[in-house]
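Report on one structure; see the data block that follows.
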Amino acid sequence: MVLEYQVMINTVQYAFFYLVFSIPLTLSYRTTKVINFAHANLITYGAYTAIFLHGVAGLNIMSLATVVAFLVTGSIAVLNNVLVFTPLQRKGSPPSIVMIASMGLWIVYKYLLYIATDIANYYTSRNFMSYGRITYLDIPRGVGPSQALVAGLAIALITVVSLYVLLERTKIGRAMRAVADNPLLAEISGIPRTLVVNLTWFVCGGIVGAGGVVWTSFSGATTPEVGDSMILQVFTVSFVGGLISLLRTGVGAVLIAAVENVGIALLNTYFGVPVSFKPFLTFTTLLAILIAFPPLGAGGGLPYRFLRRGRGSD
Amino acid sequence: MRAVLEVRDVAKYFGGVKALDGVSLEVPETGLVGLIGPNGSGKTTLFNVVTGFYVPDKGEVLLRESDDLVRIDGLNPNEVFKKGVVRTFQIPRLFNSLTVLENLLVTPLGQRGESLVRALLRGSWSGQERELARKAVELLKMFDMLHYANSKVSELSVAHIKMLETIRGLMTPAKLYLLDEPAAGVDYSTARKLFTYVRKLRDERGLTFLVIEHRLEILMEYVDYVYVLHNGKLLSEGKPQEVVSDPKVVEAYIGA
Amino acid sequence: MIDVVGFVISWLTIFGIYSILSLSLNLESGTAGVTNFGKVVFYGAGAYIAATLTTYLTLILNGVDVTETPPYDVRGIVLLGELGSRNPLMSLGLLVLSLVVAFVIAGALGYLLSYPIIRVGPAFVGFTLLSFGELMRVFLQHYEPVGGNKGLMAIPTPFGWVAESRVREVAYLGLVMGVLATTYVVIHRLVNSPLGRTLRAVRDDEVAALCLGKHVPKIKAKVLFVGSGFAGVAGVLLAYYLTSVNPNMFVPAVTFNVWAMIILGGCGNLKGSLVGAAVVTFVDRVLTFVTPYLGVTVISPDYLRWVIVGLLIVVVLIVNPRGLLPEEPIKTPALEVVSEELGGGSG
Amino acid sequence: MLTEKLIKVSMPAIGRVSNTMVARNTMALALVAVLVLGLAAGYGLAVATGSGRVTTATVGGSVATVTVTSAPTKKVFSIGVTLPLSGELSSIGKIWEKVVQLAFEDLNREVQAYGFNVEFRAVVLDDGTSEEKALQNVQSFAQQGIKVVIGPATSAQVKVVKSYVDSNKIVIISPSSTAPTLAIPNDFIFRTVGSDAGQAKVLATLAFQEGVRKVVVFHRNDEYGKAFADFFERYFKELGGTAIKIPYQTGLPDYASEVAALASRVQSEGADAVVLIAFDTDGANILSHAAESPVLSGVRWFISEGPHSAEELLSQAIGQFASKVRLLGTRPLFIANPLYEDLKKRMVQRFGVEPSVFCENLYDAVKLAGWAILRAGTYDGEAIRAALVEVAKTYYGPSGWTMFDPQGDKAQQDYGIWAIVPGGPKGYQFKDVGLYERGTVIFLEQPYQ
């Protein structure tokens, strides 16, 4: 095997990131039926919370950054919901309109961050348009795995375990699932839907932001485009899960991470395929999956919409 | 009387739930047949199977084509429509941003102006369009809705929305009309009016109807045959007065 | 002194190109409800078709061996600069050829792309098309015959043979306006026809449309054919206007700009698309006259412009999803029939 | 100064407006109205500053005020400057903006010292590193009657404006476009920097001279990276080496997978060096991942000018990596040029930033433009073009001699060798350690022990 061991480590590392970024996407879509473009901002804002803490306030404590980022991006997600998504849904706007509104939000947040980086640059004369890797004080380092791998593992584990406990073992989690399965019925049976939805947004937004913090300990240089340039991959991962299944989303995270790391390294080393084909590989995988296994149920196209439980089987 | 629709031993399962479990029924030509049953008894599922939304797990759905009965299960909803089955929905599915007139005009098949090239040549379809518009006007007049012709659906009352969905189906000559609770949410006199129209259409034009309805007191007055579904199975069938006096039916309704 | 005529010409030209895009997007997304986030695919395809056809054919028809001197090579570029403006007939012929081929190929691409997108629900359509745009960009970057990363430049323009630059600009503006008028008439007719009615029905409720016998996937494919075809034509006009294409011009941001135009103007209203395109392009241009004198460095006006655009999208959707101009009723002879009846009834 | 205050005051005001306008129908329209009014006001301001006898001119930057106290008949020439203040190159663009400010101040002082009663004024626009915007900016300049434009930055942008400026006779001086496809004679495009071919040759010589025979060229998959890699391969082969090219996609969130694939390839090919052709963000990203790879830490690294002066490269990890792999880079530079050292010093004094790549080329572009306008004697594109060629023949600036070749590109570009060494406020710093002279690289010092 000529493949560098780094390829394997990167696969694991990316799988962690995709997991942490996609699971909340799937969960928030499942509960609220909003295709959220502004998901990209949550990643970026998480990362930039850490960067501003580091570059402006001089703090490099990851646990602190993670908590702050969780609060910041969680609040942003709730704010989006309260100010934009809920009013739209209440007016009976179709999902496509809500999606386009989230696109508007995405643009706003994106350029607000640019403005913030410019202001920060003006006052500190540091370059925030491209910010080098942050070495955190509170994560073990030295020989062995990198900080990002340790933190990535931790955050992925915490996310998966806490979501499992939250969804499966608590009352709130059951309420969240009930809202996801049948919002109308949930409301009738006395579940405070608004609260549950806002809570979902907060948790989902917060997890993504925390993942963004870990990103700053991994990426060689973070830019305000980080979320945008990753959003298609993150959506691809969630699409593998049909935007419904958290388990399949996890499988998608590993699959896409493997395609992007092992796949391209193999193709380059043995077939001379340029490394620059990496995005091509990702999107071809997405299209292939969509064509071979079209999503069923609400996420499916017209011919598949009513095949929720499969043709004659299940 | 020959059957227009024949459902033979149809079953449809959702996970462990047997939504339909071996249902057989017939709708005769120019019949006005009722389909009743408590909530969750599989009435709408049956409509969905007949109109191609679901593929039955078992059994056949047959539709008359001149002298033969042909299978229509497994066809897509649009193909089922082309075969001559028109349906309405329990929760009306109208085109909300279109006017009442436009809603009616969507229905007819074979509109020349629906082709990409002909749509550009107004002359090629305006004659047909006028003809269809006159037909729509006639129907609207019949249901006393002409003055709403240019109103948007969102401006209509629930009763009118229900009526409009039924009228929309009538814009095309079909072998069979499936009406899913046409009188739900409609006041008593309007509901009676609606059923009177349906019956008149049946009598005058020889149309065939299969009607799901919860308001038995109205339905029983108009239909000539009734099927009762319960837990995905056929519980009873017969003339309205026979069914009403069937103790099994009474029990099912009270039990539910 | 400010050259007002020059300003108007350059503004109207870019307005025209964007209007064609916004009109076609309005047909697809406003009227038929296909959330097309991959508009840039067809725009880019059109631009590349024009660039490739024009550069290669100009060289070939002038007897240059393109295997020796390809148009993306510096020698080819110099030759194109010399040969491109010699023969009016050739320039105009290549224009017509590019327009036709771009419409057909971009349209066919749209038609074919409807295959994967009808397999996925409304939630996925936007992203599927968006990823396809990125796929195309990566492909173009690696495909050497269309210049790869270099792209193609020195594209001979249709009016390159006109000596006076102002006259040339006006002629090109005329061409753009002609194409825009054609687009408007065609799309206006499509919308105000039984087809347009069916499209709106599909947008409102595709399940109900399906139950009324409409072959929804086929209808969407048809719409994508027309919309993509016109986007391809807009791409042709862009390629001749910029005289240069490269893969990185066709990024998703272009699509979002067009979306902003149709949302501000009103989804479903064709005049709204024109208004949206006019406002956005006009503000952008006027800003270039103002910003140098503001002396701003801390906050880039460009960022501020995007924040405002984004906010407007959100606000318009919340306050009035129909945009500045609401959708108009479909104008067919049926309206006359009804008004006769209604008039006759009351009189 | 005043305008800066105005902006600072009006920004929160706009913010307030946008926060409160959530729910009312009229507010959307109001916002449009605010925008339009703002534009109108700004426009009035523009006209006022443009036509009146204003003695204080704001030049691009936020703090710059060129106070000129001279007779009211002074002639004012506007020069357009289109810079990538936002978008991909914005971190460099921001430094360039300051260079422009400095260059115009110097230019004005200089011409007035020579007794010309004129003033040059920069009309700075942001092109967002986008092609369409670059054209829009150049058109806008043209419509304001401006005949000389500095910029745009990238070759793709220059290509887009080329047809327009050629037919409208507007002189374009790009300080950083290096694409060989733009080496076209008799047009209105000038470039004050040498083409990639020259630097590729220097980099190939450097690598070969350092004893490297088989390299993997890891390059941006864009016009710059591709052309550079092709030239490098050609020259390196001529010298007798082997080069394997691996392009990587730009604009990615991170390059870890690419670096790992690079490592696999380096190992499987048994290459003894990596040549990295990158910009600043991607370069820094790649280097910091490479620093973690034992394979990539075991081969030599050579770098193009792109990542030079990027702040992220001065981290401890990359600094240590640099000395381990004895990282050397090339860049266009007339080494030990006192004018360049002076520019560097003044940039640090004035703005607290070191000049980044192409700053000296930009500075000279401004100076050349000014002197060419004076030499032409008339504000006319064709005359200025002719004058520019003449002026450049005898001009010597921070970038060295600026003579143009027949294609309008810098005829003689000198190249320097840089390294990352310990020192400076950040722990590590960039240091120019050698130069290229007649086919060989001469080291002035040995950066790594």
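Should a chain be cited, it is by its letter among A, B, C and D, assigned in written order, with residues numbered from 1 in that chain.
To be clear about the criterion, a contact is a pair of C-beta atoms (placed from the backbone, for glycine too) under 8 Å apart; a residue touches a chain by one contact, two chains touch by 3 or more.
These figures come from a predicted structure and were not determined experimentally.
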If you tally C-beta contacts across C-D and across B-C, the winner is C-D
Centre to centre, using CA atoms, which chain is the farthest one from subunit A?
B
In terms of Cα-based centroids, which chain occupies the most central position?
C
Round to the nearest whole Å and give the separation of the Cα centres of subunit C and subunit D.
32
The distance between the C-alpha centres of subunit A and subunit B, rounded to whole Å, is 45
How many angstrom lie between the CA centroids of subunit B and subunit D, rounded to a whole number?
71
So which stretches of subunit B touch two or more other chains?
76
What residues in subunit D touch two or more of the other chains?
22, 86, 94, 221, 249
Which residues of subunit A are in contact with two or more other chains?
114, 274, 276-277, 279, 303
Across the complex, what residues on subunit D touch subunit C?
3-4, 7-8, 11, 14, 18, 21-25, 27-28, 31-32, 35, 39, 42-43, 45-46, 49-50, 58, 60-62, 85-86, 94, 97, 122-126, 128, 131-132, 135-137, 139-140, 142-145, 156, 159-160, 162-163, 167-168, 179-181, 183-185, 187, 221-223, 225-227, 249
Applying the document's contact rule, which stretches of subunit A touch subunit C when the two form their complex?
29, 35, 84, 87-88, 91, 93-97, 99-101, 103-112, 114-115, 118-119, 122, 232, 235-236, 239, 243, 274, 276-277, 279-280, 283-284, 286-287, 290-291, 294-295, 298-305
Please give the residue numbers of subunit C that touch subunit A in the complex, ascending.
29, 33, 35, 115-124, 126-128, 130-132, 134-135, 138-139, 141-142, 206-207, 210, 216-217, 256, 259-260, 263, 297-300, 303-304, 306-307, 309-314, 317-318, 321
Parts of subunit D lying in touch with subunit A, wherever the complex brings them together:
22, 86, 90-91, 94, 221, 246-249, 251-265, 267-268, 280-282, 284-289, 292-293, 295, 310-313, 315-318, 352-353
Please name which positions on subunit C make contact with subunit B in the complex.
186, 189-190, 193-198, 200-201, 203-205, 207-216, 222, 225-226, 268, 327, 329-330, 332-338, 341-342, 345
